[in-house]
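Note that the chains take the letters A, B, C and D in the order they are written out, and that residue 1 is the start of every chain.
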């Protein structure tokens, strides 16, 4: 049965007709063309699909589009300010925290969720927070550095020399 | 998965044997069984709805009785396909021995699951098989001990 | 201008960071249909019938195809790219590999039918209506089991399930040396089966243009030209000129996206039949049962040592699981990319290796990051450590004693390779120093005081990268050339487009290659564009695998730039009225030696395209050069890794306290990217050592690890930060002196971790722990009364 | 997924009535288990009844010295709740070990206990703390709520509304995670209460269970040493490719001792 869902996506009101079984990620990718959010698994583990719903990180592959009714969804496409990268995106670039880029959008959305709740996370806290985000390319070493640097930039702390370049 | 067990049933061996060969009893005892239709003395078709937590899969298949040695032992085997869920096979070697007025039923169960259930649910295969076997023989015990020989409400 | 050696930030990052990458599944074509592939739930079954009448009538369904349709259209099977011969000279058995099963399925996941519908949901709904009548037969999933008498036969034509029984080296010399050895150390070990698990699942879109007759395949590939050749020539019989293969942004490969897969042929074929685009995207559970797996060896190894503790002989006998069919390059992995590396970093004078490749009812096995070299390194570094333990020697000392001396290069090994350069002492020294190897016993004692078992492990490795040369590999059975191609196109105002046959799926070629060009032509990096991945744009190239891109693809770019500079000099000589021999090129300027007269590259390019004043007698207009580079030899990166681990004996839980790596990659163009490659390789190597395992039920062939609930992927909190260093000896046969860095971590890490574990458990008499070293295995090792239960 | 009708329940009453009338309808709370199952087509409910808009099911309150948690309260809220962290810090810590952050942002306590996955964490807390599960029909003691693998005392149209956790004198949860799924291979919740000691084990068996021998020994002497010689029989424990029953039995002992030590 088709139903109409109305929500806010990246600050803009959106309405779409969906099936009960339509997932939020399908609405984003297929209906709205926001293909920055990726699907990497079927069992809600890899985190490539993480977006923010009402400011919190959720796996958009494990949420029905209809469950997002009336909510505010933010995807990777709305993180940068125009052409200016968000400090967390900048930190990922500066610390070479991405290779193939497939996990990156989910990784950044999770990183922002972490920093919102913990503005100055330790390495261990970052590693534990990434339990639901898999990366097969980087070995996470530079992702940890990037999130630390991104968090520092976001709270206005002096940016520490980046480890990736130093090596 | 393999498991073994033993029941002491307060009924004579011939009666236990008869129930073990009775489609209605099988239907009552196979967990989730919705229909059992007899094709021959040793072959039945069956429909079983398996529920494991959020999973609910309908298996259609066959129940066969082999190695018949009335009224002492047989092997009861079931094999069904559950669409996308995959398939399941199970068999129990059942033997009966007199113990005074009672009967001792011994069983050895083997189970095998394939397809999607094995691919994504391997952690649950053993526990589910064990539970289904336990349920089967518990229900059988119930059938044998209820006064009218009918199945207890479950 | 020198861009080489600097950590230039990646130019590809902006699009990935902002969600603007274009991966195959992000592409949608007008009027696109969706394919869902029905796969076998059985490991071995005859197909008595496939009834799809109901599915064909289901809502939205456009077509249902089975093996019969494939056969009727003359669609060929997937070819194998390397012919291996057995000891007796007979060729391997090469079974048919139909893109949809014909008459029989041979592994869980074998494609049986494809449903094509207006939506994916409709295709899946309809697939459930297909009734397949399987006659299930016994299956065999493990290679050793498949060799036993009476085992189920995967191919009736292959009694005993042996694809080939291959060998390398001199068996008599090895037996003789072992007989005379002062000590022979023996070990049986397995190299666990892995699933590559690039985070982007495979996907493919077939498109057909009726007007031009052109077929286009968008696919998650590491080498679009190879797919075009194999699919065009062997499977669909299409002329290459009418077949375009595009590999857009690809989300990781690690080997698994080298091969030609059935789905690529299915969507291309179906799109032409239906005259509509057809898209297929794997679910992760499908990836587990259709992407080529990696490794899966069972090996017996013997190392002989003389009284001076010098290695005198090595004997290796391996059973390699091929799966049910031969994947594209499966056959060369446990042979030419494996046994040839068994000298490692050592002077072992005689080596004999034999490999039985065995069919089983499992997903085909092929190259996965490292491909043969991790297997060789693992057994070699384990047996060396075991020898040190038996002899009561420091493992570092035993290694140094047997290293190939730094002045012995070029060094010919007894297993066919000639190493051009290396310095194993320096990387070992760097790694052991950084790891404070000398101070370890104090840390072990500290850990023991808090009830923990600490161990340290060293592994050295050598790898052969940039597989080459074509003539040699051809003589060994390769059915492909192994060159690379590049076009350097200088535009009229001096900006540059490079078209490369290498393919980037995370490696950062768009940056590293641009650094080469900025350095070579003196053009600002912003004015350089690197194009890859589209067979319609780039010259015929071989793609990216085996850490070859910079050494082979990069060299092709250098060669093309050399041609640009040579032609530029001629044009400059004409413009500047000087002798060609007097023209120098530096930092983007062509100058007459000893004068201040010069022309920029842009001026030269403009002259080449607006050839009013141009040496027409001598030259053609334009400044656009292509080079094909076929390397003279492999490159030989090497290194030394040190792992320090701590085990909780109560639970068997292991923590990597420190991981130190020192690598020799030759010249490094972008140290930031190189470090990233090492990090990623280490994570996969550590994953193999501690977490990852593809498990089949041996008696039924059921795949028990087809999701992340059961296949343990390394997560951030499973891994430490890594301490890296490099020490360069230059490759002597490519102009850059580069060696390749993509696989090193995955090659060296498993042995380093395993050696550390065995060291931690040495008081318990442990000789070896099979990978992955799970907590339960480690707990059982320290509680031997429980061993029997395993 | 198979197609279903999505219903947003306006009230508990509505939801219960709908369930009573539709045999194949399923409740969805956080959906963290249900939706992946549906994606694999391993269930075909006719309707999904979403409890998300029922405000009365959400929230955490300090009541009768303990903590009452609404069924639709998410793991992240329990993990971060000042009340839970003050009154039963072990419960907040347990909530923080479930799944991963994005899962904790959606998953709910009611969904978790109603599902009763044999490796879920919450059942250990409910039984370990001697909590009471309040439903639309009755109050059920934690000990009798979990009846078997994925089975609970809930009827078809019965919905969990709150869980009432009494405050223990001390409590701790120790979890040994499955390296792949991060579910509990073994999780042990130990609580010292006015009525004695409770030891509840998840992950090890088909359903959460208590260990009376340990409870008795700990009642005599609340120390890790007091239970060091109590061996858990492996008979009937779970066995899979990740851990044998024997290893799980061993881990129950280790995790229990660590939980006791963590109570100090």
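Just so we're on the same page, a contact is a pair of C-beta atoms (placed from the backbone, for glycine too) under 8 Å apart; a residue touches a chain by one contact, two chains touch by 3 or more.
The structure displayed is predicted, hence computed values, not measured ones.
Centroid analysis (C-alpha atoms only) places B farthest from chain A. More contacting C-beta pairs link the chains of A-C than the other of the two pairs A-C and B-D. Centrality by C-alpha centroid: the chain sitting nearest the overall protein C-alpha mean is C. Separating the centre of chain A from that of chain C, both taken as means of CA atoms, is a distance of 29 Å. Annotation: 31 Å between the Cα-based centres of chain B and chain D. For this pair, chain C with chain D, the centres built from the Cα atoms lie 44 Å apart. One inter-chain figure worth recording: chain A and chain B are separated by 49 Å, centre to centre, where each centre is the mean of the chain's CA atoms.
Annotation for chain A: residues 19, 21, 42-43, 45, 131, 133 touch two or more other chains.
Among the residues of chain D, those in touch with two or more other chains are 1-3, 38, 40-41, 181, 241-242. Multi-chain contact residues of chain C, defined as those touching 2 or more other chains: 121, 128, 285, 695, 704-705, 707-710, 713. Shown here, the protein chains touch in an arrangement that is not a line, ring, star or fully connected set. Per the contact rule defined earlier, chains pair up in contact as A-C, A-D, B-C, B-D, C-D.
In the complex of the two chains, the chain C residues touching chain B come out as 41-42, 108, 128, 285, 288-289, 695, 697, 700, 702-707, 709-710.
Within the complex formed with chain C, the chain D residues making contact are 1-3, 40-41, 176, 179-181, 183, 241-244, 246-247, 250-251, 254. By the touch rule above, chain D contacts chain A in their complex via residues 1-6, 8, 28, 31-32, 35-36, 38-40, 48, 50, 52, 76, 80, 99-103, 105-106, 181-182. Against chain C, the residues of chain B that register as touching in their complex are 83-84, 86-87, 112-116, 118-120, 122-123.
Within the complex formed with chain D, the residues of chain A that make contact are 1, 3, 19-21, 23, 42-45, 47, 50, 56-59, 61-64, 66-67, 69, 110, 113-114, 117, 129, 131-133.
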